[in-house]
């Protein structure tokens, strides 16, 4: 039996009925006979003597677990139960007439219930609860109903900051077939009760809010704010990706003379391709926005492409013979600039004739290394700053 | 309670009934007793006094979300609800006789309903709605029914322009067992209402149309035109694919003398193979037509094969010794042509004897590079032009 | 309402009843009262006055789509509906007694139906149709029933000629609990109606046949012959596989002196391994027979293994020093033969002493290239001939 | 209508009733009225006049297909139907009183049935058959029931000899709520009937047995022995794996001087890693025992590791200069031993000074090649012997 | 019929009723008539004459199999059945009045049952058992109910020690709609009965406990402690991962002069990337904690990155010419230290001028090899120690 709400009802009932211990099964039978046969209870009629009044259904929600959050389908699946309470004018009795009996339980299909439905549902409308579920009524006519339910709702997803994103999912409940003049849903005091909530392995529940909306329908909207737990992604996607990025830049460390540079460059590219097969299966397949991780990955890919291209061009330069192809003044300038930057070798100055194409390439390596390491560093820092800011 | 349609009905009802506030639960009971017991309502009889008339069922649709679009199964899965309205001759009453009561709600199974079915369904026929769903009747006999439903329908898919494609899916509703002389479906004023529509992560809803078809059955066809959101594919498939294409052409930049050309060429080929494993899992597995992306990919693969082949042949040429294998005049011509094109080296002219096989290969490299870069460029441009034109 | 069959029934009924326009809801009520209460209709009794007669159920099928064909589970899943018609002796009436009423509709559970079941089903027996489905009866007692259904049936699969295979799937219907002396299924004139058939993305419907089988049960067997659409497989599996096969042979084009041959050979092998990961996920996981594609792939793998092995052995030969290891006469013969075949170099004849191990390896390359290209070509041609012949 | 069992019943009935052709629908109605209304049949009472007797339910099973066998969940899913027969004391009549009527059919829920359940089920208990299923009774009170069913049962799996394994799965049926003194299940003559059995694509049915167990419950256990069809695994896993194993050994064929050995060795290792991604998705994920295939794969992996390691060590040896690092006597012995084994080079004997580190490495290659080829061969042979023995 | 509990009940009943053999079907009918019609049994009333008393439901559980344990969803799925027993004051009779009849069976929906629900369920509340299930009552009013069920419950997962982890899952049962003053669940003597338990392929059942909790509701909590079977992971993940780790360290064995070091280092890195694709699909996708395996893998990745980086830097050093770039004293020190450590070469001392950059790199190799092998070894040992300690 769910919580304090019930306790309250029970207390109230104990108070009003005074001495409760004497009721018998026959009292119960008599009461049922009276309510359903003598009074002719009809579960199709709103439980109000004055039909122009409005039935107020107080609602709160007990959240058990978040089962699944699907970024592609943009849906959320939770388990929990709604607590609903309303007054039924036709289910009142005087406890003293029935041996002090103050509370009755019925199968849910025997009495009037609002046809509450999840407005943004992902499943067929079938009604809440089941035939086997019982519903409690006390002698003042207060009915309480706790249908345990798996709820699947649509949820607008924004994956821009994946995997550091926060999502907000509403669960919109209304009495499906009734207008606002017939049945309204009102927000209970408790909102979403999370005492029994068991942590999800992928999302942490940041906070919950409840709203009442009164348009054509009177809805109660339960909102859950979820923050993605990102350790899995940091360890399995971000760290390897950053390492691969820097591995890429190291291409320029490998001397041209080693005869392995093209192999190295293209194999690092291949490693990225392989790694992309892992990433592609983990990233949410959602085309609304591009996540910062995808942008980073595309940047890394473009840098890698540039690296391979410049490496090959350098190799072509290095294969030139100084006597056939003269070193143009532009290349000479690059070489001299590199000499200045790499201070330790400055002591020796060499004449132009001594300088060959390999020296030029070596100078280029120096600048390209710092250029690419700079770009990679900037991209990585931007990624993490955006992530941390969230 | 769904929208303006209902409001209209309510207005109408308020007008006809004048003063509404005085009805009691007993009025409702009496009315129910009158309709179902005294008048002997039978839910198996079409609700017309004159049975040779036709029941007109006005239909519109409220679309909530597109849950899934399956290119392989050629199906679409949406959530939403149909709004249906018709007149029931046997559910009319004079509100003044029942305390001004103007509206009644019943479980859907208590009254006659058309056995509306989705004609191109992907699921068993089970009827719309559920036993827990209520249906509203006003005193003029106007019945409104809003069965919330997950609908799965077949949809003819054309993936030629994937991932820039647009698809049109019809949802064909008819009264399954009734002929056109018994029950006809007619199109409501609203068509498909998309006010509550939540964007799908993969498809955007371009427009919706409604059609009435009168053949053996009187169908209402709701059509949805969907455009695929292509950012995911552009970032994860097209950009890497184009980069890989150009990486391939760079083979000819790598000098033969580097001793890495075969390795480089075949490793780029391998990268493509790895990348294909990602692409293969994203491309719709549909054999009706070939998508432009698949054609592009096959072209890239063929170019890559040609690249590897010519590279190896060049390596064989380069390994020839000038003294053993004379350079034929064809090769000489290629060499001289290359010299002319690469203007900057034109100053020096060398005698035939000075020219070795490596010079010939270098000339070949020059032409092949521009040939393959041209082909790759043309293929890529064609791909994007076709895509943009859509 | 389904097609011409119904039209026929309607025509017939219009003819027999003459003037139809005057029936009222009361006529319908009276008729129902007469049939079900006065005459005491029982849905558990076969609808024949003389119970020793046989009920003949005429059956045809309207095929909508093929949803799935599962080679591993050897099952087929289709959507469509059966059309069934029989005569019910107890549902006859004189239209003139009931205002010319000639046609009635009932929920399917109200009247006798044969318990038709799919004999080779893949799902629990639950009976066709649903409680919400209606069934039409005309005044001659002719009952027509159109249960819309998703049918899953077992289907014997032979994947030998995959992806150029043709499969035939039977759907065996019989009246489950009745013997041949009680109810028999007979084949309707139409067989399988495919007017509304929407093409499957993987299979094309070649033709359909219907058979009646009279053993212990009287079955109607609907057979569908399906041909696999192979473009997807040709583009995504066969073309890359053939390209990889030829890439493999190119190993012998690469000169031994390039110092890259082992790398090249093993990287091509690796590309095949990667590519196998794609193929493995596309090929039907069925162990009854081996498909020609699998055989081809195994042949390619074996050839590739042979290529790598011979390449390495050649490298070992090439590393021999002529002075340490004399060239045996066998190798000499190979060299001379190669010289003769490569006509253009025939002019120069060299003495035995001039010939080194590299020349022998070069000669071996020549023969091995033509040998492997021949084998690859034969394997590929055989594959396509077998495919085309089907 | 299922098989001979029924025929027998029919024969028997024809014999006892003599002349059968005269029964009418009214006879059937009268009989039903007599049995269910006059005699007051109650489906909740065991069908025995003397309630202390035991109801004997004869059971056999008709097996249609094996749908799935799941090694991870250790479950089997089959389609087929149980045939059950028992005597109902309250469903007897004299055929001559009812126009010779000898056989009646009822919806299964109208009469008493044993609540037969699959004891080792993988699904919720829901009872066999469905409301639409009919059940036949003849005038002697013999009831026959053929509920078509998909059965999912747990099955203890031993994957040690995968993919050459044989599994045995029991299906344990008992009358769930009845004790052995109330209802017992007995084995029918037929056991498991496999005439309609359609071969599974992965498993062949070796044999079937039936057992009766009488403990607290009286169970009938149907056992199926299944042998895995291994062609798929042989072609897609074993053959490539064996080829890769031998490719590995070829590392020692590649001369150290080629400058490609480390690349070759590590690329072969990579190919294995890639191939493992295929194997990992095919091998049953079951941790009870380790399959021989997994052991083989681990052995291959270890051998490959050893190969790479020894290759690298050889390269280090080969890079030594003879003048700096003297060749120790151990290496000398290895060299001389290799000389002796490789008979053809025996003619020339070289002095110690002529021998360099490359000669030593070459000798090591010779021994390591035969060592590893031996180990690989032994492992492969052991694998196949174990497999064949099964 | 389940176990000893029942036997006990039966014994008791036999004892109290004395001679049992004479009951007839009419006795049963009379008893049913008496209980349900004369006494007016109502299944909606708690089965107590004095309604202020509490119904005690004794509960135990028979566990059949663990079907699935899902680390991502944090859920467990088991098959088994609850055994429940309580006393019903209104289902008592004197056996001698009914021919000695001592036991009756009813469909479960005919009598009062507690609406027992799994409190931490993963599925909709639907009530236990099914309409076809029977429930036994003896003449003392003792009711026993054995609903066979698939239960899915949430379970808090801690994957820190994966794959050597132990998990504990509770199944919390309470009478959903009743307060502690109406119905309480009490723990039966047997707790969880595991005699029929069939081993899961991934988890072994360590032990089971039962607890009673009395808060607002009176719950019975069945706890199962599970230990993961780790052989699959050891063979398929840990062993290959450890081999790859050591392969990585071997980079420093490969002499710089071989010209393959960069290729080797990056290809080993690539092998790891490929292998990660397998691991990523096997590791539980749970972000609550990081498993030790993930930490190990990240460490290995970082080491590998460091290896590649240092290798490339060494190559750059090795490419320096001694005359252009003087060897600094730091490098000299490293070289001399390495000389001392590698004792066997100590005999020869070389002058500073003889020492080139390659000698320095060789010395660095020596230290880096031992450094990295040490780090790898420590990481591996820590992993296994943590694992074994659990």
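To keep things simple, chains are lettered A, B, C, D and E as they appear, and every chain counts its residues starting from 1.
Keep in mind that, in the parts below, a contact is a pair of C-beta atoms (placed from the backbone, for glycine too) under 8 Å apart; a residue touches a chain by one contact, two chains touch by 3 or more.
Predicted model, so just to flag it, every value in this text is computed and none were measured.
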*Set of chains whose contacts include both chain D and chain A*: E
_chain C and chain B - chains in contact with each_ = none
*Quote the value, from 0 to 180 degrees and to the nearest 5, of the angle by which the CA atoms of chain B must be rotated to coincide with those of chain D.*
145
*Report same or different for the chain D and chain E interface, where same means the shared residue numbers exceed half of all residue numbers found there.*
different
*Using the average of all C-alpha atoms in each chain as its centre, how far is it in Å between chain C and chain D?*
25
*Could you put a whole-Å number on the gap between the CA centroids of chain A and chain C?*
40
*asked:* Can you list every residue of chain D that touches 2 or more other chains, as numbers and ranges?
replied: 259-261, 263, 267, 270, 274, 277
*How do the chains line up around the ring if the path leaves chain D toward chain E?*
D, E, A, B, C
*Where on chain C does chain D make contact in their complex?*
40, 42, 44-52, 71-75, 89-90, 115, 117, 120-127, 154, 156-157, 174-180, 216-217, 259-263, 266-267, 269-270, 273-274, 276-277, 280, 283, 285-290, 294, 298, 301-302, 305, 308-309, 312-313, 315-316, 319, 324-325
*Inside the complex, what are the residues of chain B that reach chain A?*
1-3, 6-7, 10, 20-25, 27-29, 32, 64-65, 67-68, 79, 81, 99, 101, 105-107, 110, 129-136, 146-150, 198-202, 228-233, 235-236, 239-240, 243, 246-247, 250, 253-255, 257-261, 263-264, 267-268, 270-271, 274-275, 277-278, 281-282, 345, 348
